[in-house]
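I'd like to ask some things about the structure below.
Chains here go by letter, A, B and C, matching the order in which they are written, and residues are numbered from 1 within each.
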Amino acid sequence: MNKPTVLEVRNLTRRFGGLVAVNNISFDVHEHEVVGLIGPNGSGKTTTMNLISGALPPSSGEIWLGDTCISRLPARRIARSGVARTFQLVRMLPSLSILENVKAGAVFGHQQLWGSELDHHARRLLERVGVMHDPDAPTSSLTYIDQKRVELARALASNPRVLLLDEWLAGLNPTELQQGIELIADLRDEGRTILLVEHVMDAIRSLCDRCVVMSSGSKISEGGTEDVLSDAAVIEAYLGKDDE
Amino acid sequence: MKQQELIRLVLVALVFGLLALLPLIPANDRLMALAVPIAMYAVLATSWSLFSGPTHYISLATAAFYGVGAYTLANGLEVFSYPLLLLMAALLGGGLAALVGMTTLRLSGVYFVIFTLGLAELIRQLVTWYQNNFTGSRGSYVFTDITEAQIYWQLLGLLALVFLLGWLINRSRLGFAIRIIGNDELVARHSGINTARTKVLLFILSGAFAAVVGAVMAPRFVYVEPSMAFSPQLSFMVVVMALLGGVHRLWGPLLGVVPFAIVWELIAANFPGQTVLFMGLAFLVVVYFIPQGVAGVLEQQLHKIRQRRGG
Amino acid sequence: MVILLTGLFLGGIYALIAMGLSLQYGVARIMNLASGEMLVAGAFAGFWVYTAFSVSPYVALFFVVPLAFAFNWLIYNWLLLPLVRRAKNRGQLEVDSILATFGMSFVLVGVMLMAFGGSYFSYSWLARPIELLGSNYSQNRVLAFAVAAVICGGLYLLINRTRLGLSIRAVAVDPRAAGLVAIDVKKVAALTFALGGAVAAAGGTLLSTFLTFDASIGVVFTIKALVIVIMGGVGDIRGAIVAALALGLAETLVATLLDPGLTLAAAYLLFILILLFRPQGLFGRSAL
């Protein structure tokens, strides 16, 4: 791997009272790479995403974006340095129009546009993620997958260096899932750097170059997707131990 | 689109021009006695909704800012020139808002409401205590040659200024940021918005306006003393008027201010004991029957009419 | 020492009032800004019983508590439940309930003004001194404190030792999960709201035995109760009691040493300190 490292997580730990949700995790994400952060429920994946995006401060450890240490920065500064995210449960801005929802990502973040440039940019992105709806309509008129698309467009709008997708494919029906996977594959092909938390195995196999596997807050495996998924420890974490 | 905006601008200017002629009507004492409070509440309610409209933070601090403004004028009149005093009132009101905002606006809405609820009373107690112990007099006289008509014109000017600022803010990044914050603060932060600074900035603006209104109104009192200048009732009046009118549009609060102020004056004149009851009922009506305000109801009706015509 | 005990006596009553509010906010999720008016209504009842029948104002408790309970139960079911139902999120419910209870508070003040007028009320009952630890205190204050302590204790037992208390605590922690384990959340919320109102009214009756009041004084007590609830941490009874005693003490200190007109300022000083340094309350763990 000679690609430069974009995101570097070093000995990241987060405690909630006595509970260690994320325990001494380290991994890298290289440029133009799609990395899957996987593991059973409650293994600390979403907490890790929250730590990277600055929704939570880490208890210890460091996160580097290029040569900036972002682990002590507030969420808005992290967003400005180039980390964009979607949320596990889709979060629309209900009193804003569809177009404004996308614009929201491109005004204050890593890329800051305004005026007609912003307008064109947001419309292009809506097209890019495949929302055919009237851009001036309220978001309540959108279907679930289209809301997810709008949220993705909002995250892309800042032209982030790293895109964090937190179970972006969850809750979609089989047709929508296929479309969703294709969309993310497209983003990968255009050279985006993506870290995604996902449960859908098909998506992980077809999208991720590498995977980091977490279980009970710790990293138990890391490597190429196929290798990781056939790793005994990973299978055990997902399915439990096979006592003869 | 551009032409439409120009027409609207001309219309608004025309309305303001007409309103400015009001004091020229002869024998207008009773008219002015109604017009001045209406103009005052119009400025207060509109500037209140610049902040509280998009964020849904219910501010009850208006009376505190207003009182600070009135006191600035009453105590500085012998030393400073009038325009300078207005500027000082704006700075002090804005400064107070900054302090309150930085303390409470990073927390949830309840804390903010509670804090602002008692703020006017807190300052009133402090001022009273200070006056009792250090100055020996309970209030101060305000003697100026400012007429009722001049007060009215100043308020009208302030209203124009609020509208202009509100219009500019709505078109700016600041206005966009505050709307995103009002929708979802978490998304706002993850989009790179400095949520605390944005909220404090708009709160300062509304605080500064309320303080200037207090200063402008002070000559009307003649005698400024704490329980009048910091009357908590003022804050509630502003809240209920703004919500009654509708805070999602810049012109919304006006639709609440005019009818409410007129009914209020009627009740105060005929049933002086029942104003509190009326205020309570008004709050309940707003919450239960017209949560979007008169502006919201109007827009809905217009929408229906248009649909009927279109379809 | 005098300040300490006087402050303690006052703080005991504050604890009672704050507990009522804390129950309403912590369980029914309604920030009840009309709480002070319930208190004033309780105070009027005490006044009326004493002046009209010349019996102990504590007799009033026998009808104040059930009446306030029923009244608040009706308020919750008729006025507040529709708001809970229409709210899309917690923030909207917060704003709606703040505005609605402000409205109720004004309506109640208006009704009481109509009924009793705007003058100040007080009566003299048990205003004899009692000697405690070498100083004199008036008997009505000591008794009010004792009764407040008994009611607080009863509430504590109710919440921590009974089946109903268990469901109240469950709803406070997570209304949805409570619903899943077959707790009737609506009923528990309504009962708790009613209970909170009854506690506030009882506090008012106690207060009336030694404090001058008028129809519009309620908001002062609402503010104090709110400050206590936030200082103590929402839903934290132990915290509320400590905060109430601290507030009673601070007010008495300021009133004796500085100026009686500055008691609210004292409450606010505490409030600001808490907001700046421990926004999660005295004993609260930092939020996740």
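One rule holds for everything that comes next: a residue touches a chain if its C-beta (ideal position, glycine included) is under 8 Å from a C-beta of that chain, and two chains touch if they have at least 3 such contacts.
Computed from a prediction, not measured in an experiment: that's the story for all the values here.
Q: Quick check: more C-beta contact pairs at B-C or at A-B?
A: Of B-C and A-B, more C-beta pairs in contact link B-C.
Q: Taking each chain's centre as the mean of its CA atoms, which one is farthest from the centre of subunit C?
A: Relative to subunit C, the chain with the farthest C-alpha centre is A.
Q: What is the distance in Å between the mean C-alpha positions of subunit A and subunit C?
A: One centre to the other, that is 47 Å.
Q: For subunit B and subunit C, let me know how many angstrom lie between their CA-based centres, rounded off.
A: 32
Q: Where the CA atoms of subunit A average out and where those of subunit B average out, how many Å apart are those spots?
A: That gives a centre separation of 43 Å.
Q: Spell out the residues on subunit C that touch subunit B in their complex, using ranges where they run on.
A: 31, 33, 79, 82-83, 91-92, 94-96, 98-100, 102-111, 113-114, 118, 216, 219-220, 223, 226-227, 230, 258-259, 261-262, 264-265, 267-268, 271-272, 275-276, 279
Q: Residue numbers of subunit B touching subunit C in their complex, please.
A: 56, 58, 103-104, 107-111, 113-115, 117-118, 121-122, 125-126, 128-129, 132-133, 232, 236, 239, 243, 273-274, 276-284, 286-288, 291
Q: Can you name the residues of subunit A that touch subunit B in the complex?
A: For this pair, the touching residues of subunit A are 53-55, 74-77, 79-80, 84-85, 87, 91, 93-96, 100, 103-105, 107-110, 114, 154, 158.
Q: Which of the residues in subunit B come into contact with subunit A in the complex?
A: 173, 176-177, 179-180, 182-184, 186-195, 248
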